[in-house]
Amino acid sequence: MPLTPEQQAEINEARATPRPTLRAVSEGMEARLHHAIPVLDHGLIRVIDYMGDDAAIVQAARVSYGRGTKAVSNDEGLIRYLMRHWHSTPFEMCEVKLHVKLPVFVARQWIRHRTANVNEYSARYSILDREFYIPAPEQLAAQSTVNNQGRGAALEGEEAQRVLDILRADSTRAYDHYEAMMAPTQADGTPQQGLARELARMNLPANVYTQWYWKTDLHNLFHFLRLRADPHAQYEIRVYAEAMCQIVRDWVPLAYAAFEDYRLGGAVLSAKGVEVLKRRLAGEAVTQESSGMSKGEWREFEGVWG
Amino acid sequence: MPLTPEQQAEINEARATPRPTLRAVSEGMEARLHHAIPVLDHGLIRVIDYMGDDAAIVQAARVSYGRGTKAVSNDEGLIRYLMRHWHSTPFEMCEVKLHVKLPVFVARQWIRHRTANVNEYSARYSILDREFYIPAPEQLAAQSTVNNQGRGAALEGEEAQRVLDILRADSTRAYDHYEAMMAPTQADGTPQQGLARELARMNLPANVYTQWYWKTDLHNLFHFLRLRADPHAQYEIRVYAEAMCQIVRDWVPLAYAAFEDYRLGGAVLSAKGVEVLKRRLAGEAVTQESSGMSKGEWREFEGVWG
Amino acid sequence: MPLTPEQQAEINEARATPRPTLRAVSEGMEARLHHAIPVLDHGLIRVIDYMGDDAAIVQAARVSYGRGTKAVSNDEGLIRYLMRHWHSTPFEMCEVKLHVKLPVFVARQWIRHRTANVNEYSARYSILDREFYIPAPEQLAAQSTVNNQGRGAALEGEEAQRVLDILRADSTRAYDHYEAMMAPTQADGTPQQGLARELARMNLPANVYTQWYWKTDLHNLFHFLRLRADPHAQYEIRVYAEAMCQIVRDWVPLAYAAFEDYRLGGAVLSAKGVEVLKRRLAGEAVTQESSGMSKGEWREFEGVWG
Amino acid sequence: MPLTPEQQAEINEARATPRPTLRAVSEGMEARLHHAIPVLDHGLIRVIDYMGDDAAIVQAARVSYGRGTKAVSNDEGLIRYLMRHWHSTPFEMCEVKLHVKLPVFVARQWIRHRTANVNEYSARYSILDREFYIPAPEQLAAQSTVNNQGRGAALEGEEAQRVLDILRADSTRAYDHYEAMMAPTQADGTPQQGLARELARMNLPANVYTQWYWKTDLHNLFHFLRLRADPHAQYEIRVYAEAMCQIVRDWVPLAYAAFEDYRLGGAVLSAKGVEVLKRRLAGEAVTQESSGMSKGEWREFEGVWG
């Protein structure tokens, strides 16, 4: 459970006094504001601020299409039309700002999504907390034997224990040394100069937790979620993406439903894939050899279509 | 005056019913929301939505600098420190969405600022209104004789009248033809096919008005304002920038004051410029020849320093 | 034909003297460098510079995946894998710089793709040429009656002639007035002040030609081509996209083939679409009513799948 | 020395066979291509590819300003004019691709510059090498007592030794455990499942080396260098920035000279700073109290102006 009493008090205070606004308001998001969703063993996600709602997407689209959009009967239909036809700019009109606490190795994947604004806790300026991600036993997975970047079954028995012992001991020792190097005195009280924070941090492993404010628009958030809420994403970032899916569903329910239908639950076919499906629909039994696909492509194709 | 009774009614409705929110609220911005600021003869700017306030900038900075920022005594000092040291990410945590109506030739300059989200009225999809920018007489300027991209004195007398007559007549004729080409019948009622809107629009001149929703963060907005609220910017975009300066001053007064001091009112010196000033401070009389600057640089340098 | 003898001489000179380089070289692109491909009546596209080739994509991917990529037997297979799995960063390692001459209304669509570098001819600084896009008769299309942003059949007979007459006459008159307003003398030789270029340009219609240098990476170029080489794109921008497809095919033949298979020729299915196809494959006759799709979605679905 | 014989052989091969090209060629850059510049104890920077040269900047500017640029007599003057007036787009027409090997904590600062393309070695996919940054004794600095994010004097004697011992021992142990957790057998040969690479990497500290291909345009590179070649930047990233300065000087000597004069060696003044200098030039003795600046601002101002 990642929240201290101080943090909970801060959240309560932030939620105590609603103020009037003339902006678009999403009731689903107001219910979430400032609350923390726990993720992994010490991580969290919480909404700090947002801009826009489903109606704001529609409003922006109607600016673009002008009188022409009168034909589309309702907001849901228009939002689905925009999603289906890759009209991304109306979705960019919504924005969200999140507070995220996450292990450094997850942060390194996350930051590769460049179209976002970030303020990260600076270990050059301040001292990191003693918090490290230690996987739950069921997530302590072996290397996949078929996929270079995947996991196989969970480690068993003694091996699992050995790994957990290593991760815990190395994290503890690294943090002890981090503190000792920066301290104004040695353990016995002898004064020392104390290593610069910007150097001492290099001793901390990638499972140490960092935190940041992360702000992005809904279009780019959907792009992030499509890649990171995917079963092929690493578990430790996927759980953050899944928590964000819950948030977005409450924020812009129509847009999220369209995203689920057209992106998360949909499928992309190559020209060859279209051809094979058409032959199958016409009653032909197509094999990998006659498909024109490589073995890898065929395996992935069969994964969806049988 | 660019607002129709329908538009004013829409604004009144949007402002009629405040709703409670748990987000950061800027009172200065609430007072501006939805109201239209007239710009040029038919243009406008109005705030549709915003995210964050001065306190949100400070909050983001404190996430980055952690406990280290406790030393800075107050919000104003911290915001000035961030601006002075080009720490741009906390300013990116504020966002604004504007509705802008502007001539196409201004829109073409504006869109060159790429870090923004835009939904523009589509002349492919819908029909543009009969509204054209005709400069006020005092803005009908001659080509500058010293600056390839600048204006000289206002045209006088008959010449000014000739130009206004041309602009008005050509705009009117272009729009008449635009309508006539798309119409389902000829002037005498004979049916015709009607040219596609996406083609007919090519007959409209660059002073026709378009409109868009434009959304950007405060850091990028400051960058825009530094270039476009500058005396060297073309008058027709500068008036939009100046209207936005008013908006930003009400939205984030501390950040705007820092921007005014460090960017709008400040000066950038080259290494040579620093050297010349130091020599002058030491009592030396420096000339263009002894400055190491070209004539153009020296003229600009003297423009600031005498 | 858009090239003057001076321009052709410039191209010949640029191609006259090959120089040795240690960089990646694409023979297909060397053959294209500096040559102009005519587009529309006065437009053109030509390659000014490029960085990288198919091998550079592979090289970047192998940096990312390290020893793990040894399993993939060849470059073509790896490039197809990257494209299939939306691994976009290796494609970003190739860059191209184009010189494009295009009508302003096409430029206005084009510039909406923000991830590119642009240097456009400045009508604030210099005087535009007297060149206007006048559609060929077969492109002079009526407004579509089923699609708000589409074209129907070509205009016929007298109506086509009327439209061409309007476009030609209005362009000519607009340019005559543009020149007259800026001129140092009136037609009869009487001196006048001359309107500033930055103002005179507002009289020019959107079919006037402009030109720019446009530079982007291969990933973003593919995104542009997917949207603009699509049959739903407006004809006047699609012809530029098609010319660029030819260029890219010669530049990076493996990447282009993967792009054609997975993007241009492929299909995207919603979750509902996947479900309908699976039911069909299982022998069921699915109707719009039983599909769960709206009429619009069903029409588009049948457009691909019958 | 970071290069293995295999790597050196690869470089030699890449440099062995120049090929003819019709593109812009920078001789200074050709001399650098593929060669590695050593940085820190195991890091490196090398140029993999580039696009454009000083003449390409000029060419792009002349497209923008058209006939108007004829007045500017030479390339150097035009490039200085562009830099002085923040006309950034012509500099965006040059592009460079670098291979960089760097410690993870440096990579985490570096990646905050978002306008670049990156392919990083994937520790999810492959196994990192046993290479860790251990500071040279003179870089083992104490925390600054006046600056929260700075360094003071180098640690002395036994304290320096203790810190080096910790960093070395923790790195070695972390890597031993990293390997042991992934291994197919325990130390005594007993088979085990082997932890997934994407998990094992979390045990590695931030001084482990990673590597990437990094590609950016010259304008954004200058922005990076202005911030990271600055004395306030952390030493470990500054040495990379300084190596890049050498590269850019050879690549585009005129642009680099303008950058040095107007950015690296220049100074930015606030409105208050301009006012103080003008008062001083007029003979007045201005103090912090009469300057209107805070103590911090005044200290920085005096740092430049005495």
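Just so it is clear, A, B, C and D label the chains in written order, and each chain counts residues from 1 on its own.
The working rule: a contact is a pair of C-beta atoms (placed from the backbone, for glycine too) under 8 Å apart; a residue touches a chain by one contact, two chains touch by 3 or more.
Chain-to-protein mapping (UniProt): A, B, C, D = Flavin-dependent thymidylate synthase.
Bear in mind that the values here come from a model prediction, so they are computed numbers and not experimental data.
Think of each touching pair as a link: the shortest run of links from subunit A to subunit C has 1 of them.
Rotation angle relating subunit A to subunit B: 180°, from a CA superposition, given to the nearest 5. Inter-chain centre distance (subunit C to subunit D, centres taken as mean C-alpha positions): 35 Å.
For the pair subunit B and subunit D, the distance between mean C-alpha positions equals 34 Å. Per-chain CA centroids place subunit B at a distance of 28 Å from subunit C. Among the residues of subunit D, those in touch with two or more other chains are 65, 68, 118, 122, 125-126, 148-149.
Residue ranges of subunit B in contact with subunit C, taken from their complex: 103-105, 108, 111-112, 114-115, 118, 122, 124-126, 133, 135, 139-144, 148-153, 155-156, 159, 162-163, 166-167, 170, 173-174, 177, 180-182, 192-199, 201-207, 234. On the side of subunit B, the complex with subunit A involves touching residues 14-15, 18-25, 30, 33-34, 49-52, 56, 59-61, 63-68, 89-90, 92-93, 95, 97, 99, 117-122, 125-127, 211-213, 215, 217.
By the touch criterion given at the top, residues 65, 68, 71, 77, 80-81, 84, 86, 148-149, 227, 260-262, 264-274, 277-278, 280-281, 294, 296-297, 300, 304-306 of subunit A touch subunit C in their complex.
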